[in-house]
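Below are structures written as structure tokens.
Two complexes, one shared chain (chain A), two partners (chain B, chain C).
== the complex of A and B ==
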């Protein structure tokens, strides 16, 4: 149902130590965000796409489709940054006058928008690298190593485990309702959706009670303990990660100093 | 048309008119067509400069700590509440992944801000909203890790707080339950996006006009396009709430352990 989650478990990089993948994704994202040169963003986009497609073997088409998801936000957001309006006609590249106001694009605005576009895409590809190669269960183990409150991680893993149960239930209820003309008009759609959600709510309530009873029957004392897969650090990967980060840092410093972008 | 204009067949005045009309139609198109299938508009990964990411994270942290402390206290007294909180968190995620038909004919995804705030209270909602946002970023690719602080502030702190206060005010004023729930959900949704516009305008002040000009731009796109969606969410929340008060009175009463007040005393009569 959630394709990203499925690929996280079946990709070819899922045997790599999660800490390696986690720190690689976050460090690269940080460099991408801090760097002011578009070259770095472009390199990050290419690097992450290459890693996700070649060693991890995620289908190219699926990756491209994923890249399209944030476009709705990205295009509107970037256009809003690029578009300027003022009362006095200043250095516009292209402008339209409406009722005393000038709407248009300035050179500075366009450059800023372009840089923002690349930078966001770079950061998004880092996020995709993490979510496509690392199963959520392994991310929890990384968070545990980061000393986040255990109660918080327990809540997170409970939410994660039941997302799929509820998504499936919601899907089944939807099919049952739709096949009985539940979504024929706007009015019935609202009523059907309301019915579905209130049912789902009582189901989550019932499931919670059942889960608690089950856990009590299995000697639950207030803490959920799960087994963690053991991974070993690979010296080669750590070396490659350090080399990649250093190269990115040097490139962004060099290109940031030499261009006015 | 463009060809004719380039060849200079129109007198100068007409071309200006034409440009103006084109521009206004373009703007209108953005307004009307934009939310054809809008997910809850979180700020995407990498859109905010690092300094703002840190700042919003810092502002959000105390609310999360307060929420965690409240949850810890509840769980200590009622151990079964931990399961319930985890499961309603999953419920909130599924809610945000569903599509609701909007009054304008397009589709949108509910934020669940109003429903969550009224059911669980704003303190619990801040933590649950945070968790839902993490999963939305990692599993659905909506929002992001770097913008998690900013999104949590608008979606899990400001929205639920506003919705909760509006709901309480309506209960106090003795308005019908449906009106209170509708206003809480619709305004909670809308205020979430007003906050998002503020965050974006602060991070990207316009070259000419600064923060205010930028705020007008972002409000125009992020808050105004959200209006019909806010109304849809308000309507849906009223339907859900009415059904819950009819069929799930006992559960709602038990939930008041989390939100710390009686929820159905007014609701049962409506």
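== the complex of A and C ==
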């Protein structure tokens, strides 16, 4: 997760208008989810992988590893769709008989599972595209433009900032404990971990109070007003995005399975 | 006419909710346009006092005056005070709330009700002064401690306060970064901003401050110009402070007659200059040749 955050700030698409990236990722994800053609899903996966690896210059190996993370959930989830459990003995590709019931895989189930698999992976790759190319701060500014309640966005940005302070503190405590044999045996490990968690809790509480004081000292009146970075829209990018979305729409239409629209 | 003292405390008492008496009958005046240092051990009440200076804490008894005016504690008056008196806190990680350096620095100016353009200008000026322009688009969590410290200072500078308070500006910094921060303060001070800082470093306070307060156990136990405060051995002992090395060396050289007995030097450079001055006098008198007198007198000092 921290690596994704790091790449978000150093990738080559970092300077593209966040609204462009945000709307591109979201529109593509909608098309991918609404279209029932597996071809569309496959195209979305390839498109996003291409964009992340070529113009954004994210290392291929890192991206593949990232794609493996949802795979574990997907495979188990999809298996339950592929397997069927009925009394009807027909149309099974492979089955075992348990009592009066048949348990196995049907062609329909397998196709549905495959479609679902590709669709989910497509949607995930859209989100990966967004999070690998757009820093969190810019995503917040897009959400602000979308008129989300300020309180919500302020909370999100504070949480984001303090995740790092929290992790750093946890790391320091861990090192301090480990250097004094705090994690030598299973028993001491549990004990040290408990101490660390309670310390982190009280430290976070203290930090929150201190943060409020420091904000007050800078004339805080209940709203976290900040300057946002100004980007200019690129006509070329907007055209490319429209073209890509239209192409995806046409393809999913043409592949004849756009019944879900 | 503007008051000579920018901040004053009269009969200031404060205790925390848990009962610890943090400040006891503090009476002090902070000169305008100067660099004032607060010295004292941990828990002496320096931070608590600073929090009174911009109205974060309200005195239990006693009063605070800003530019001769008593500080009021209603909303708008407090905002006005905080606009003029800025505090840089010791721990940058609790002060920096934003993940973006630029947004972080822009928070103060925008709170002052400035327009986007004005705020933008202030942010750029403050980042230039603290030498962090190249960090503008860097996320806060990628920064080193020294960089975070400079961002924390830029935070306050961007609000262009009349008084800049800095709690332990050089804590945990290496000597090079500490010197850079002190130079920055010097620059800000020359632009007319009153600087108040707390420190444990007697050498730093001796070289950089125009006026010094020494605190212990919630009380001010001594104040004055640095050369006076640091020559008061009883005061230093009471406050558990060491004498600056420069003063020690100077006194020893003076005792042995190697330097003229005028006012003690404040910085390393002044010290060497005073040695050089002595050198040229004695050269004229004794017509010495060859070896540098400065080296000789240091050798003499070390040898005997």
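In this section, the second predicted complex is superposed on the first by the 232 of 261 C-alpha atoms of A that agree within 3 Å, B and C clash if a C-alpha of one lies under 4 Å from a C-alpha of the other, contacts with A are read in each partner's own complex, and residues count from 1 in each chain.
Here, a residue touches a chain if its C-beta (ideal position, glycine included) is under 8 Å from a C-beta of that chain, and two chains touch if they have at least 3 such contacts.
These numbers were taken from a predicted model, which means no experiment stands behind them.
Asker: Would you check which partner chain A:108 touches, where first means chain B only, second means chain C only, and both and neither mean what they say?
Answerer: Touch partner of A:108: chain B, not chain C.
Asker: Please work out whether A:217 is in contact with chain B alone, chain C alone, both, or neither, and reply first, second, both or neither.
Answerer: second
Asker: Give one of first, second, both or neither to describe whether A:170 is in contact with chain B, with chain C, with both, or with none.
Answerer: A:170: touches chain B, not chain C.
Asker: If you stack the two complexes on chain A, which partner ends up touching A:225: first (chain B), second (chain C), both, or neither?
Answerer: After superposing on A, A:225 lies in contact with chain C but is clear of chain B.
Asker: Which chain, chain B or chain C, is in touch with more residues of chain A?
Answerer: Of chain B and chain C, the partner in contact with more residues of chain A is B.
Asker: For A:181, select first, second, both or neither according to whether it touches chain B, chain C, the two together, or no partner.
Answerer: The answer is neither, since A:181 touches no partner chain.
Asker: Which holds for A:233: it touches chain B only (first), chain C only (second), both, or neither?
Answerer: Neither partner.
Asker: Of the partners chain B and chain C, which touch A:158 in the superposed model: first, second, both, neither?
Answerer: In the superposed model, A:158 contacts both chain B and chain C.
Asker: According to the stated criteria, A:207 is in contact with first (chain B), second (chain C), both, or neither; which is it?
Answerer: both
Asker: Which of the two partners, first being chain B and second being chain C, lies in contact with A:136: first, second, both, or neither?
Answerer: both
Asker: Across the two complexes, what residues of chain A are contacted by chain B and by chain C?
Answerer: 5, 136, 157-158, 160-161, 165, 207, 211, 215
Asker: Note which residues of chain A are touching chain C in the complex, please.
Answerer: For this pair, the touching residues of chain A are 5-6, 9, 135-137, 157-158, 160-161, 164-165, 168, 207, 210-211, 213-221, 224-229.
Asker: Show me the residue ranges of chain C that touch chain A in the complex, using the header's touch definition.
Answerer: Residue list for chain C touching chain A: 51, 54, 56, 79, 82-83, 86-87, 89, 91, 93-100, 102-104, 106-108, 110-112, 116, 119-120, 123, 137-142, 155-156, 159.
Asker: Quick check: in the complex, which residue numbers of chain A touch chain B?
Answerer: Touching chain B from chain A are residues 2, 4-5, 26, 29-30, 32-34, 66, 69-70, 72-74, 76-77, 80-81, 83-86, 88, 90, 96-98, 103, 106, 108-109, 112, 116, 119-124, 126-128, 130-131, 136, 139, 149, 151-152, 154-163, 165-167, 170, 183, 186, 189-191, 193-195, 197-198, 200-202, 204-205, 207-209, 211-212, 215, 222.
Asker: Residue numbers of chain B touching chain A in their complex, please.
Answerer: My answer: residues 16, 19-20, 23-24, 30, 34, 38-39, 41-47, 49-50, 53, 68, 71-72, 75, 79-80, 82-91, 93-95, 97-98, 100-101, 103, 127, 131-132, 134-135, 137-142, 144-146, 200, 204, 206-209, 213, 217-218, 221, 235-236, 239-240, 242-244, 247-248, 251.
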